[in-house]
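Accompanying notes for the structure given below.
We just call them A, B and C in the order they show up, numbering each chain from 1.
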Amino acid sequence: MSGFVPTAASYRPGDRTLPGEYYTSPEVLARDLDRIHARSWLCAGRSTELTEAGQYLVRGVGPDSAILIRGKDGSVRGFHNVCRHRGTRLLDAERGTVSGTIQCPYHAWTYDLEGRLRGAPHMQDVPDFDPSGHSLHPVEVEEWEGFLFFRLVPGGEPLGAQYGQMTERVARFRLGGLRPARRIGYEVRANWKLVLQNFSECLHCPVIHPALSRLSPYLSGANDLTEGPILGGYLTLADGVGSMTLSGRTCARPVGELPDEDHARGYYYSLFPNLLLSLHPDYVMYHLVWPVAPDRTRIECEWLFHPDASADDSFQPDEAVGFWDMTNRQDWHICEQSQAGVASRAYRPGPYSPRESLLAAWDRAYLAALGGFEPQG
Amino acid sequence: MSGFVPTAASYRPGDRTLPGEYYTSPEVLARDLDRIHARSWLCAGRSTELTEAGQYLVRGVGPDSAILIRGKDGSVRGFHNVCRHRGTRLLDAERGTVSGTIQCPYHAWTYDLEGRLRGAPHMQDVPDFDPSGHSLHPVEVEEWEGFLFFRLVPGGEPLGAQYGQMTERVARFRLGGLRPARRIGYEVRANWKLVLQNFSECLHCPVIHPALSRLSPYLSGANDLTEGPILGGYLTLADGVGSMTLSGRTCARPVGELPDEDHARGYYYSLFPNLLLSLHPDYVMYHLVWPVAPDRTRIECEWLFHPDASADDSFQPDEAVGFWDMTNRQDWHICEQSQAGVASRAYRPGPYSPRESLLAAWDRAYLAALGGFEPQG
Amino acid sequence: MSGFVPTAASYRPGDRTLPGEYYTSPEVLARDLDRIHARSWLCAGRSTELTEAGQYLVRGVGPDSAILIRGKDGSVRGFHNVCRHRGTRLLDAERGTVSGTIQCPYHAWTYDLEGRLRGAPHMQDVPDFDPSGHSLHPVEVEEWEGFLFFRLVPGGEPLGAQYGQMTERVARFRLGGLRPARRIGYEVRANWKLVLQNFSECLHCPVIHPALSRLSPYLSGANDLTEGPILGGYLTLADGVGSMTLSGRTCARPVGELPDEDHARGYYYSLFPNLLLSLHPDYVMYHLVWPVAPDRTRIECEWLFHPDASADDSFQPDEAVGFWDMTNRQDWHICEQSQAGVASRAYRPGPYSPRESLLAAWDRAYLAALGGFEPQG
């Protein structure tokens, strides 16, 4: 029994694509970063990356950089990657481990894993210097189903307000216990919103993804979450297809205790604003989407498997990785073609079809998060 | 008998170069593209490139992109390279052929060669969707002497209003029937206006082009068209020189039925805003000039010959190509030196000499096309 | 006997680092270039580079370029590197020699070594053209202790008003007669101010420069000039150390007639806005700092020795060059980490320690030179 209950489609005739400035203007990107990325829960990756005290993950969001680090008490905390002395970036590598403290590489200001300033050479000579007023600036951190999330600007709703609705939906996939097998990074010359919109429909699949379309016809599924910050649904696998892989056969043992119908489906959810989650019977794939410039986006894609899958002779993760790496590149290419086109003076918002109702819903969620704003053409 | 009748020189003492902002400011380039390139007839290349139905040429103008494509009725039409659905760029390659329709690579919206929407998956489910309201945005196209021209923003005068005066002048060169032998592309780190100004005088030839100056002394000619959007004149070949080639000898049979005087001349015309036309007894060269950034310009240069020239043992196109490729590179280098200099705080408009009267005329034509505008220093 | 008399330290509790915009904003960099670099005496290098008439040095300052050239009368003059005709950059190479005149590579306008226009083809045909009104735009030049300085915008105080106080302080090092042995250029992805601030304290030395710290403990010295455009002091060499070199031994004969205490010291001065001067018993090193972009700086470092040093068997300049090339790269790396950090939304001005009093003084000198100005965050 899955938690999947298709809701009424939310297609509204007359829905149209966003004006071009939303994809090309530096001012809009600055506002995206400020209003959305700095104030939203962003997925940083998997909590299993941080198994021991001092292990950390560094995530860049525009000019900002966040440290997520596991403390001696076992919890993961977040800090701005900025020394309180002269502002130096504290940790340079994207992943690593510190031994007990975070020390600034410039003048050795030293913070414990809870962000408190523990050492600051010569500052004892400064009258009234109060170390407790110079803790690292905190970044909020929460965990959900094995994924780590952070929020640069504190305040606002807890993660559960947005993600609670997903918990029951995905429980049977046992996401919290899955293990990563492979990670691939991509640079795409397109606005981050085009990447998310691309994920939100399979109308393009027959044109762009012939291999995918053979495994899973684009009209085979239904949308599930059709309004709000989490959007998605499922596609059904074609007869005789076991999973979305190069061969069409499953490449690992099932990720969880799945009912029969789930063995014939792939579920696809976009979780505003930076997580794309794809659930298959034998693996889970997720994309993290990081805006870099109006026309540039960095994407990190990772594949997760049952924690014991690698013990099986049948374990062939490259079947899933290879299939999606090919599919990803097809998507990035068409996103780049879209970016080029919407930058043209001739581009005008065009009509969404009923098969693109999620994009219209995504645009609504985006505009609501952005707040009242009219880009200057 | 040539159509060449030199007019009175238009030199006006006191004419000075343009202020530096015209060459360095992003705002001026944006205005150049909007007021001039989008609203002028731009040369796209040769109509002989498009011999069969479905054959196309794609031309970028700043963020815009135009498709020129031959229809089943034999005529060439132009369209903005932007799908009416979600704005995707329809054709990626600069040259190619489609079979009967233009299909968007994203969701397969399909247009016939007249730009009419013929297929749009699932749009039949949209109440009141009218395909006839979703034709490709048209781009005007005209042909002149085998050259294709397009205009992004419809309206304004037909091509003949500007080019009519040239027709009789060049008729004897039989431009319409010439065949291309070679094309070379260049990237120049200078403003597009510096490239056109550089073409408009040979005062620099003794300094920059010693080889050219031996073949054709810079004081040997006269200007012909000295005011307006088409400017130019001729230089006379030195005694014993047959053409502007590496050896100084002709490298192909005459391009047309040329009178004696034309066998001792090279004609050079700049046709506002993007075509440079050089007519020699045995070949014709043209440059297309495409602004990319305030300090970057893409140039495409092509050499045309008599349609039967390649049948001759005497046919040595590399003699012309090699000569001008060397000369082009000398010009691009000095344009880059000019770009660096006019960006300086010390640069002030300087005086044009009588040998630079065409530049002053070109600047006037440019400023008139730009419209009233004061760049902010 | 050295001229060194330590003054009272100028530390003011409460001094804090500059706001982030000063390091990241294009508007601030434009103002830095206009208010500071264009109107200050900038060090261009050594006058010994220009030994004969016609020998020149070209220096870029943002979009500007200055020529410093030795005249037939033996004096060095400065000119904007901009032809008065069409603005072309006259000299392309950073160093070279012209034979008697500076000739524009475009149309051969020709200037004598005093900047007067001596030839301008065809300008004699222009009524009222006055060559004397078309001299090269002058750049002020002064020399101090063998260093050449220039100022793009004429006016303001002579060099001596700023540098006079240094003359007695450094006289015994005989700077005027030293000879260069090596020059190294660097590109740093950090704001120019971070480079100067980095030079102005050795609090970072134990963390960043372990080798340097062994030779010269960071608490071993004292500041000398603690307020104003020239700031600095000395560090003492550890027992048994002869100089700041890879081996810790001197690598050349003494640069001047030095008192005993100077054989155990290194002196470090920053001379606003672009010269860093390091005086050691056996060599002198200087850095020239050239802003390129808000987050990019070009640095040129040169090592000077006693004019007869190369005659000695003991002459091993690579001992000094290698030591500082390593140390330079350590500094540039941390400057780049600082640049990344201060660009973050979480960065706030932080407290300077008493060991960073020169930075606070440097910031004050910088803000005074910049003039009243509030960057927009």
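As a working rule, a contact is a pair of C-beta atoms (placed from the backbone, for glycine too) under 8 Å apart; a residue touches a chain by one contact, two chains touch by 3 or more.
None of the values given here were measured: they were computed from a predicted structure.
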item	value
Chain A on chain C, rotation in degrees - Cα superposition, rounded to nearest 5	120
Fraction-based call for chain C against chain B, same above half, different below	different
Whole-Å gap between the CA centroids of chain B and chain C	47
Multi-partner residues of chain C (each touching 2 or more other chains)	none
In the complex with chain A, residue positions of chain B that touch it	38, 63-65, 80-90, 92, 104-108, 120-123, 125-129, 134, 137, 152
Contacting residues of chain A [partner chain B, same complex]	13, 17, 20, 24, 203-204, 206-208, 334, 337-338, 340-348, 350-351, 353-355
